[in-house]
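I've put the structures underneath this note.
Both complexes below contain chain A, partnered by chain B and then by chain C.
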Partner chain A sequence: MRGLFPGVRLPGVQLSGAATVAMLVVAVVVNSALQPNFWSGYALTSNFATFVPLVAIAVGQTVVVLSGGIDLSLGAQVTLASVVAVRIVDGQLDRLPQAVAAALGVGLVCGALNGLVVALVRLQPIVATFATSFVFSGLALVVLPTPGGSVPLEVTTAYRAAVLGVPVALLAILGLALLWWVLRRHRVLRHVYAVGGDPEAAYASLVPVARTRISAYVLGGLFAALAALAVLANTGSGDPFVGNELTLASVAAVVIGGTSLAGGRGGAGGSILGAIVLALVTNIVFFADVPTTYRQLVNGAVIILALALAGIPALQKRRPAA
Partner chain B sequence: MLLAACSSGDGGTGGGGGGEGASRPFTIGLSNGFVGSEWRTQMVDGVEAAFAEYKNESVVDELVVESADTDVNGQIQQIRNLINRDVDAIIVNPNSETALDAVFREASQQGIEVFAIDQAVTSQDVTNVVIDQAEWARISAEWLAGQVGRGGDIVVVNGIAGHPANEMRWEAAQKVFTDAGVNVLSVADGNWDQATGQQVMTNLLATYPDVDGVWTQDGMAQGVFRAVQAAGRLDQIKISGEARVGFMRLWNEARADGFESIGVVNPPGGAVSALHMAVNVLDGRQFASGRMNGNTVHVPIPYTVDESNFEEHWGRVSGENDAYSLDGSLTRDEAAAFFQ
Partner chain C sequence: MSALLEMTGVRKRYGGVQALDGASLTALRGEVHALLGPNGSGKSTLDKTLAGTVVPDSGEIRIDGAQARIGGPRDAHALGVAAVYQQLSIVGDLTVTQNVVLGLEPARRSGFLDHRAARDRAATALERFAAAFSGRLPLDRPAASLRPGEQQIVEVAKALARDPRILVLDEATASLHKEQVEVLFEVVRELRAAGVLVVFTSHRLDEVFALCDRATVLRNGRTVATVDLSSTSEDALVRLMVAAPRPEPASPPEAPHRASAGTSAAAHGAREAPVRGGTAEPGAVALEVRGLTTDRLRDVDFTVRAGEVLGLGGLQGQGQSELLLALFGAARITAGDVLLDGEALPLTSPARAARAGVALVPGDRARQGMFASRPIQENLSLASMRRRARMKLALSAPAERRAARSMVERLGIKIGSLNDPVATLSGGNQQKVVIGKWLLDRPRVVLLDDPAKGVDVAAKEEIYAIIRGLAAEGAVVILNSSDNRELTELSDRVLVLFEGAVAEELTAAAITENRLVSSALRLAPGETL
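Then we have the complex of A and B:
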């Protein structure tokens, strides 16, 4: 116990990749033991379809957290981007490109606004992005006051399809991982790590600190837009409240994935696995026949356990100076 | 992409539900995405009780209940879990009229029968088993129009603007008032919440002190009553009420002073009616012609509480808590009459 409580005072928690993978393995084993048809075509396809929105937003949150910030408006950005896209596409396949572009545009603008508020106005990210989340959710209500609009049937069908036995949703997750892998090698992400790790040192090394922070929020917004498109493909329709619950899950996925909330350490690979662990926990609680009134409680307790487990490797690597 | 879509059609056989070949005993799933009200609790309890009877007769074997406060994404996952549980039919109180369409298609492709209650959905893969919201509103609107008479002035406390049920109800009630020559001075939203309803009514009374009546929907009549009572206008302002115990308690106390009202039942037992219908459908029976309107089956409104039968209903429910909704559902025979 002595190890756990001082750990709370650490500037951040970090999990080695091994622990995240171990949690994923445990989650998969437990889930497949409880759910007889876990490996069947429909179960795999539907599970991956559920994962994609959370995976995308978790990658976006990772970039922001790595830069030393946090974005509590990401869920609201998902909502806003999705309602804008659904208003534009309105069931017509030929308007899909415009809708995708508009969703990405919304993510870009929202991210830039957050970045400016945090990097230039210098408000605390946790408060500033919480405030902008109300702006974005409010705008979403203006754009689509009641649930409605439809996504072309081709899109919702393709999202549930499989190519040579591989679910399209799994390919989307691999695509997001590939996108991260490419970004990771780009100069912007090297700057993000530098700024998140030690802003003064980064500044002294001629890293453009403010511009890097803004870029991190913009990237976060773009991934939120991708999450919005996945949400639309998953639901087939627009809803002005659809993304708001994703925010907290995205932060949890980042922590379970081993990225330090203090910034500068970690990566989106872990967050992707973390997001999948979170979604599997919900499945497990269902298939374990937990009575419906206790399910939320058990779900929350398991997630806290996962967050605690995520902190353990960091304790061992703790620097004495911390 | 389309080719890929086709190949996935048979990829799901392993996780499929009963399909056309579903045979007794059936497994039924219940998905509910909101637990914040007594009405939903009554709904789930009612289904569990009716299910237990079927289970004793080995018509069904397992009821899988998914009930939690959740958003559309969460309800999609609820329904996917039910599909993965190999249920034969799903009864759902949907959080959205449209946003679950895609997952309903998944269920239907796995051979699962889906029934929506309380809130109708647009998906053609689903059978809606609901009361006619327009008729529900018309009954109390006609009563109020009769009370205030032609040329009477009323205000309206609605639920949530834009909500499908609210729009259907208000459209019907508005027509009643127009036809009866009743003037609607103002329409405000009380969010189907007693406290908000009371606040809104207090504001309306401040602006329109001389109204003759107020039309409101369920979940707010108690608040509206208290606002009128606080203004000391109970003897002058007619209130359309609700068939819930809290309002009926106030109604009962005020009856001595000549207060009259009406309460149209909006039954949580609609879920039980849907369960009866699900069993019929799983037994391979078809809806009789004329019973279906598009993909919607309207179940009758069980009864209305008014001055003539108040004593009878109050005697039956006065021991329940204030949030209790008066209830009713189709019997098995009544449900069977909907089929060929």
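Then we have the complex of A and C:
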């Protein structure tokens, strides 16, 4: 929209939405061809169970990216929230509420810290959150130096159960989508879009810019806490390194989902699909009998391809004259 | 009537430029008060201090007799001030409705938005401007998809939705059609009748006389006078604005500049290099456009002689800007040929067009013409760096500065330091930087898209002198202008465009304002604005 033709506007969001859905369809088809029992209840349940953490963190990253920022500490927040929660719950079901509250509290505090550093101290988000990620991972090591702790069996069992044939993990994903749908209707998210789209115009329009930025990071932290709870429910124990790979995967999911890294345009619906695409790619590489030593390489190549496909509409928008 | 607004001793400094130097403004409720002055006189800054987007270094603001502390837009809003900014406060990705209610969204106590109330409020605010949208309000369209004039109207409606007792209109008519201006004036008169104070900043004096009751004139950041417009002539007003001896017309762009002669081999050598393709005799056809067709242009044919100024007229948005973009290699050409001195111009990218000697001074100066936050020096030397680069690689900092300095002096650009960001300059001076950037590249074809838009009288004259100088040097000049007077003053010929095609060609004596208006309108009987 800021190219040489300000008047011409290709429907970039819808276009990349279609691209994301197309990628999901391809990923599902390929995966079900390679994984013979893909549609069986067991495989579906365990697939969805592994998707939830990435989906949750991708939604959180979307909010931050929409506000014009980025949060490279989300993975570390997942780690910190999960180890705090696992220390508190310590295998006992009656301590579950406190553990959940503590995880959410960790997300809230981490998000607020990031928000303050970015919005008030005015550090570059990418550097500021990179720095805070070390603080959060460091704290996680203090809380739980080695993998351990245990989650009540009831929780891990329920997480892999099904309600009326629908896996609980899938319900969790739908719940995250619903949460996003509700948030979209709140003033804070409208302001997030405005601040990410044009901070100066937002400021002149009475939008509380700094407060909105902080809110975006806090929401990011809360979704990281939800991701932490899903990680615990899925793995059953704590691990002080569990969130490491989630950070950049969340950014990739956001991009595959069609949200502009420049802020102000996109939404978490696409990011949820993007997260599932990313998770399926890992699956596909596993079931395609790629030799172990090549798995990471192939995985990366496929992700680059997915990012490129998602970027094509944006590319057309940038260069109408090409 | 008592004074609703009193601003006294307002000072504001940006880097090296004292934008406001003790300005004052006293205005009454129920009046339309014009704020006038040449570019760089501080009008916009004064508007912004009132609206809260600029906090003055010192000074006092009283509203209704009470001292007002305006530290941000929210304070201004609490005091009943709403503003229409020259740089619109529209977020392109949000819809029109979302923009109109932005910052003050109707919501339940929990913060969840009330979409119906938002739509109602936006519809109410826009309804008075329905005529400007051909009757259909684009409430659910993304604001970025509207035309500039329509975005401007949305900006005004947004300010009105804030129910102000002081409304600041900063260049609010710059991108509007005549018909849209009329609608806006009607609304302003209603507001005046309702006791609202409207502070109106515009470069168009006819608008000021048509609409305003009184005018305050600023010069160099100070208030010169406040006059009653019913007893002031246009001449007297212009004299107040440019009381200082009028700046000398800029010297022709190619005039040798002695100050730097012989100081640097690189800069000197570049200046002595022969002008590319300068074989055309004055008067010979230099640029030939045959059957040019793009998404927005249909079969455009014309020729321009070296040293000729070709104007582009017609209603706004009939393909004038697209024609300039196409000639600059920035639009995909689906058919047609463009020849410069008999050779095909490579119009596949702006970089190739520029190398072949084409320069574009774009209409959206802030976004396409300059790097607002980069230093003036960089902006000036950017387009012509390759001419001064040694072995196409190494730039010499002193040579770059000399080149920039020479252009600052030649065009009379008013700056603090070459290191200040361009954004710190006034609109007219920014535009001179954008033009100067290309003059350093000594182009053969100069495309100008509304170069004097939003620029004050004195700077306009200087820009006109630059344009005439370019033509006198033998350049091909193509000028798109929304100001018919500008076209009559500068053009040797005018092409009137309609829906992407040349509808009429006016030459010499036929180029009159009346003829331009009738030519543009007669062809658009369906246009009901």
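For this structure, a couple of remarks:
Heads up, the rule we're going with is that the second predicted complex is superposed on the first by the 302 of 322 C-alpha atoms of A that agree within 3 Å, B and C clash if a C-alpha of one lies under 4 Å from a C-alpha of the other, contacts with A are read in each partner's own complex, and residues count from 1 in each chain.
Assume contacts are C-beta pairs under 8 Å (C-beta built on N, C-alpha and C of every residue); 3 or more make two chains touch, one makes a residue touch a chain.
Being a predicted model, the structure only gives us computed values, none of them experimental.
In the superposition on chain A, contact of A:190 is made with chain C only, not with chain B. In the superposition on chain A, contact of A:264 is made with chain C only, not with chain B.
Contacts of A:124 after superposition: neither chain B nor chain C is touched. For chain A, the partner touching the most residues, choosing from chain B and chain C, is B. When both complexes are overlaid on chain A, the residue A:283 reaches chain B alone and has no touch with chain C. Of the two partner chains placed around the shared chain by superposition, chain C is the only one that A:202 touches, whereas chain B remains out of contact. No residue of chain A lies at the contact with chain B in one complex and also at the contact with chain C in the other. Remark: chain C residues 51, 53, 72-74, 77, 83, 85, 87-94, 98-99, 102-105, 107, 111-113, 142, 144-145, 147-148, 158, 317, 325, 329-332, 349, 362, 364, 367-368 touch chain A in the complex. Across the complex, chain A meets chain B through its residues 35, 37-43, 45-47, 50, 53, 145-151, 154, 156-158, 160-163, 165, 168, 231, 234-239, 241-242, 244-246, 279, 282-283, 286-287, 292-293, 295-296. Against chain C, in their complex, chain A makes its touches with residues 1-2, 4-7, 9, 185-188, 190, 193-194, 197-198, 200-208, 264-265, 320-322.
Residue ranges of chain B in contact with chain A, taken from their complex: 1-2, 4-5, 7-8, 11-16, 65-74, 76-77, 80-81, 83-86, 96-103, 105-106, 110, 162-164.
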